[in-house]
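Look at the two complexes coming up: chain A is in both, with chain B in one and chain C in the other.
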Partner chain A sequence: MSEKIHILCVEDEPDVLDVIVRELSVLEDVFPVESAASSDEAREVLADIEAEGGSVGVIFCDHIMPGENGVEFLVSLRKTEQYRDTRKVLLTGQAGLDATVKAVNEAGLAHYIAKPWDADELVLVAREQLSRYVAARKLNPLPYLKHLVMDLVGDTLRDSLKSDR
Partner chain B sequence: MAESLSTLSTHEALTRLVARAHAMGREPEEIPEGETLLREGQSNDALFILLEGTARMVKRGADGGLIPVDLLGPGSILGILSFWTGRPTFSDSVAVNRLRILRLDQRDFERGVADDPEFARLTQQLLVANLSDRYRRVVGLNLKVAGLTRDLEAERNALREAVSDLKQTRNKLVHQEKLATMGQLLAGIAHEINNPSSALMKNVEMLIQEMPDVFEPGSRKRYLLEEGLSAHYATPSETRQRMAEIQEKHPEISRAQCRRLARLPSATLARLSQDLGGTRAEELASDLRVFEIGSALHSIQVAEERITRLVKSLKSYSRQDDGEVRSVRIEECIRDTLTVLNHRLKQYDLELDLPSNLPEVNCRPGEINQILTNLLTNACEATPPGKKISISAGAGEGMLWIQVWDEGHGIPEALLDKIFEPNTTTKSGGGDYGLGLGLAISRDIAVKHQGSLTAGNRVEGGAWFRVSLPLEAR
Partner chain C sequence: MATTRKFQVGFFSKKSMGLVLGLGALLVMPFLSLPDLSPAGHVALGIFVMASVFWILEPIPIYATSMGVILAQVLLLSDQNLIKPWWDAQYEGGYQPPAYTDFYNTLANPIIILFLGGFSLAAAAEKYALDRNLTRIMLKPFGQRPANVALGVMMVTGVLSAFMSNTATTAMMMTVAIPIVARVPVDDPFRRLVALSIPVGANIGGIATPIGTPPNAVALAALARQGTLVPFSTWMLLATPLVVVTLLLSWWGMCRMFPPGIRTFTLTIDSKFQRSSKAICCYLIFALTVGLWVTEKLHGIPSGVVAFIPVVLLPALGVLDKKEIRGFSWEVLWLVAGGISLGLSLRQTGLAEWMISRVSWENFSTTGLVVLFGLVGFAVANLVSHTVSATILVPIAIALVLPQAGGDTAALIIPIAIIGIIVSYSMILPISTPPNAIALSTGLIETRDLAKAGWLVGILGFVFTVLFGLLLWPLLL
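This part shows the complex of A and B:
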């Protein structure tokens, strides 16, 4: 069975989190969506996913949250071996330039979404980032193909088809 | 001649010299008022011994203007330097009034000194007197110059201070003006948001009231709508747990569907349990949408209530102070400021300790908000996220106090004494608030209210600031 690749959403405002999860749930038949209200809870969820043998393909993280903020959380993830390839997306309503620069430089930020966002854009960003994740991990894209962006996984797909032959 | 020449009075010496000159065939001359005896820069081959009247020495300045250098009276000798050195005359000599002088040229002088011992002694006495007189005046002038320099230095320092005071005052004014503009902007935005927000609220209220009647009383759709309207958010961990439970019982249900079901309150879920799987599942999926509509309406209402509270806080926070002192509940000022700064404060462990029985205080609330904003933004700047920031208030001895403390880096020892002086800052970045005026202005405001603003470091680490306001402000 192929590896379960999760989408993780971290946001402290329950109604906002609810909307993000709802909009991303169109991908859920392939990529299970998980949610957390803080970076601490997110770490618990990550541990659960790891325990089940799954991985996290993309994290959507709010910037300003009680406790550790989103950028710090993403920076700490980047320093952890198994989440290096995980695509990191910052969702923010107000980040100043400093926070953005830090996120890009230190957290290896893949994308930056300003609130309020567009649902289609959110889903597209998720699909693109998941495609890049699959490509970076050199996973067989076939089980996930339904929601991947072909241009981004074309090479990986060719390689995996070749090796199947 | 037994008497010493040096004891002769100037007058006596001049009288005798005129007599000796007369013997040599030299007579005193009259010089009319205003005439120039010697001209600066020209050569001169005579000594002019002033017998009566006053002459002024005048030098030409670099800009061509005339600078009076000295006033000379009887007994003075003009042209000493140019006579002896052969250099051009040092300055103009002009007759202030009618003069009587004795002019001695090179030949007269040499002959007199050689042939007439008394002439020699008399001219010697006059020359020595002239030179020592000039020397004394130079010393006097130097002393005067030193005094003037001291005065000038003091004046320059005073001016420098005045200029720096003015600069600070101007900076404060600019800062205040900025804040006032920001206040107007905030008030404007609050007002603009208020109208659509009210419309939104009224319409959501209408929808919440009317929607259930769209469905048959007692129908499942109506039941689900009403459940949705009163549903609360489950935390992510609750959601996960419920999803796991549903999936365990019904592995055939898709994950997305599980998530929708997990949002239902457990009593509702239990009531629907027989329809979860099998043929009725599709019909249930469609009915679930009604629950979701209900919960979306509820969510809009909750969000709208937040907007309304925010707008209210913005309005009272930015209330333009017309300089009127009002009786104010300080908790409201504190809560308004907390609302406005929520985006920064939510990263901290905020502790709020406000007794419910605080007396009202007479103050200009907008200005108090400004102090609170300064203290709280400073606390945020100094404190790492996750640490504690505390706000407390109390009353006693005719004063009401508000205290803000934090678990940040504290006030550097060297700055403790001048933390309220303008242009003092511990912030390295050049943010919007980096002028170092916040605390200076805050103290000005407190003092204007006949109160005080004090600060210090806590033993446990971090800084504290305390505003005190008199309960009976004049």
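This part shows the complex of A and C:
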């Protein structure tokens, strides 16, 4: 069985979180979409996913949240071995320059989506980042191919199954 | 996802069953006393049954089984065997085992070297995007009518997969075509037509040259073992007309099954021929090698000798480096070598003749034989690896046709080539070939679309291979 790659959305406002999850649900037949209202809850979700042997391909994270803010959370993930390859996307209207710089330099931020965003844009960013995740991990792209961006996984696809049988 | 899971659960029970049956056969066979079969034949039969069960049920990867076959032969049947007391008890005058190096040597069989040459060319072509650029150039004349674009995709895929692996060609073509095809409206059958034309082109195109796909190697190696060396150009002369006809008819049929809705379609490929000196070396060596292969009859240098030129030149000139050499599909070479090695023992121990003597084949004409083996090969190859299907069937078939052929090489080549080729037309199920699996994974087609195209290709392939083989090939050989 191929590894389950999850999408994790972290956002403290329930209405906004709902919208994100709904918009990303078009990918759910391949990539299960998980949600969390805070970084603490996000860590619980991550632990559950790990316990099931799954991984997280991309995290969409709000910046301003009660408790630990989004950028701090992403920086802490970057320092954890199993989430180093996980693609980190900041989805916010409120991150100032300092926070953004920190996110890029210390959390390895992959993408920045400013609020308000467009549903198609969100899905495309998710597909691109998941493709880069699959390529970075050198996973066999076949089980996920339906939602991946071909140009980004072409080489990985060829390398992982180049031979006839 | 649900279907994948079900398959996985079934796979586990299949796995343990395969292990028990395979190892059981290996242990039990030597202690049976089958009439007219030599003791060594019993051991070889045990290895043959174990290998077949392992290849079909896959408790371990198919290439690991092939390597295991060589190990089993060295440990049980060779002059370095570990069961000497047992052999002494079996044979009064002492067992005359073959040298263990005979089995290891199959890893350097000229057919294996031929494939190695193909791998090095393919790696260089991929590295310098020669495959993409050739695709761009070759697609141009097909214009913008959707049906013609599909024909172009099929033909180009076919040409490339004649020299590269079917799987790598499919992966490359999918990368090129899918993002553009995905813009076509979802309900337009043209999406499915293109997504299917790639695996169809790849599977059929692989037939065209000896290096196109491993089953060809299995057939050629079996013929070589009988002293019948088939030149590269002769194989192409036989296979290419067949490939062209079946590709065209498959395209025609698929256009009826999936009639394009849109009026025009432009497949743009964004790439340029690279001009670096290494890239140019790559083009020249590619052209030189293929040129020498197809003119084998003129200069007489065997294709297995020519194949070692790119293996040496490409790294020597820095066109390929260590990384790419490590990236060759070495497991395919082992897969084929294991089959060749098994064929050695089948013949040497008299097992092949013994198997055939169990059935009264006098009632079968060559046509009957070819049809029977073709049907079995087609059925099996849809379910298990094409190479494995050919590996199990070809040694038996060759022992059968050998007495009928007498000294006539054409009468030996034709039935074996037919059987080796028919397996490549097996592509009904997603598991039949890796190109099928790739096509299905794009989400553009469903399993039943694949089955429809697969049946069409299979029937066309079977009928035309037998027709060409029996009617046209005798005139060409």
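Just a few scattered comments:
Criterion: the second predicted complex is superposed on the first by the 162 of 165 C-alpha atoms of A that agree within 3 Å, B and C clash if a C-alpha of one lies under 4 Å from a C-alpha of the other, contacts with A are read in each partner's own complex, and residues count from 1 in each chain.
What we mean here is this: a residue touches a chain if its C-beta (ideal position, glycine included) is under 8 Å from a C-beta of that chain, and two chains touch if they have at least 3 such contacts.
Just so it is clear, the model here is predicted, and its values are computed rather than measured.
When both complexes are overlaid on chain A, the residue A:Val104 reaches neither chain B nor chain C. Look at A:Gly67: by the touch rule set out above, it reaches chain B but stays clear of chain C. In the superposed model, A:Met150 lies in contact with chain C only, and not with chain B. When both complexes are overlaid on chain A, the residue A:Val123 reaches neither chain B nor chain C. Looking at the shared chain after the overlay, A:Leu161 reaches chain C, while chain B stays out of its contact range. In the superposed pair of complexes, A:Ile113 makes contact with neither chain B nor chain C. Legend: residue contacts after superposition of the two complexes on their common chain; A:Leu142 is shown touching chain C, with no touch to chain B. Once the two complexes are overlaid on the shared chain, A:Asp29 sits against chain B and chain C alike.
Looking at the superposition, the partner that touches the larger set of chain A residues, chain B or chain C, turns out to be B.
Shared contact residues on chain A (touching chain B in one structure, chain C in the other): 29. The part of chain C that touches chain A in the complex is made up of residues 1, 4-5, 8, 62, 126, 165-168, 171-172, 174-175, 178-179, 206, 213-214, 327, 329, 331-332, 335, 385-388, 433-434, 437-438, 441-443. For chain B in complex with chain A, the residues that touch the partner chain are 233, 235-237, 239-240, 254-256, 259, 299, 302-303, 343, 346-347, 385-386, 429.
Partner chain B is touched in their complex by these residues of chain A: 12, 14-15, 17-18, 21, 25-26, 28-29, 32-37, 41, 44-45, 48, 64-69, 72, 93-94, 98. Across the complex, chain A meets chain C through its residues 1-2, 29-30, 141-143, 145-147, 149-151, 154, 157-159, 161-165.
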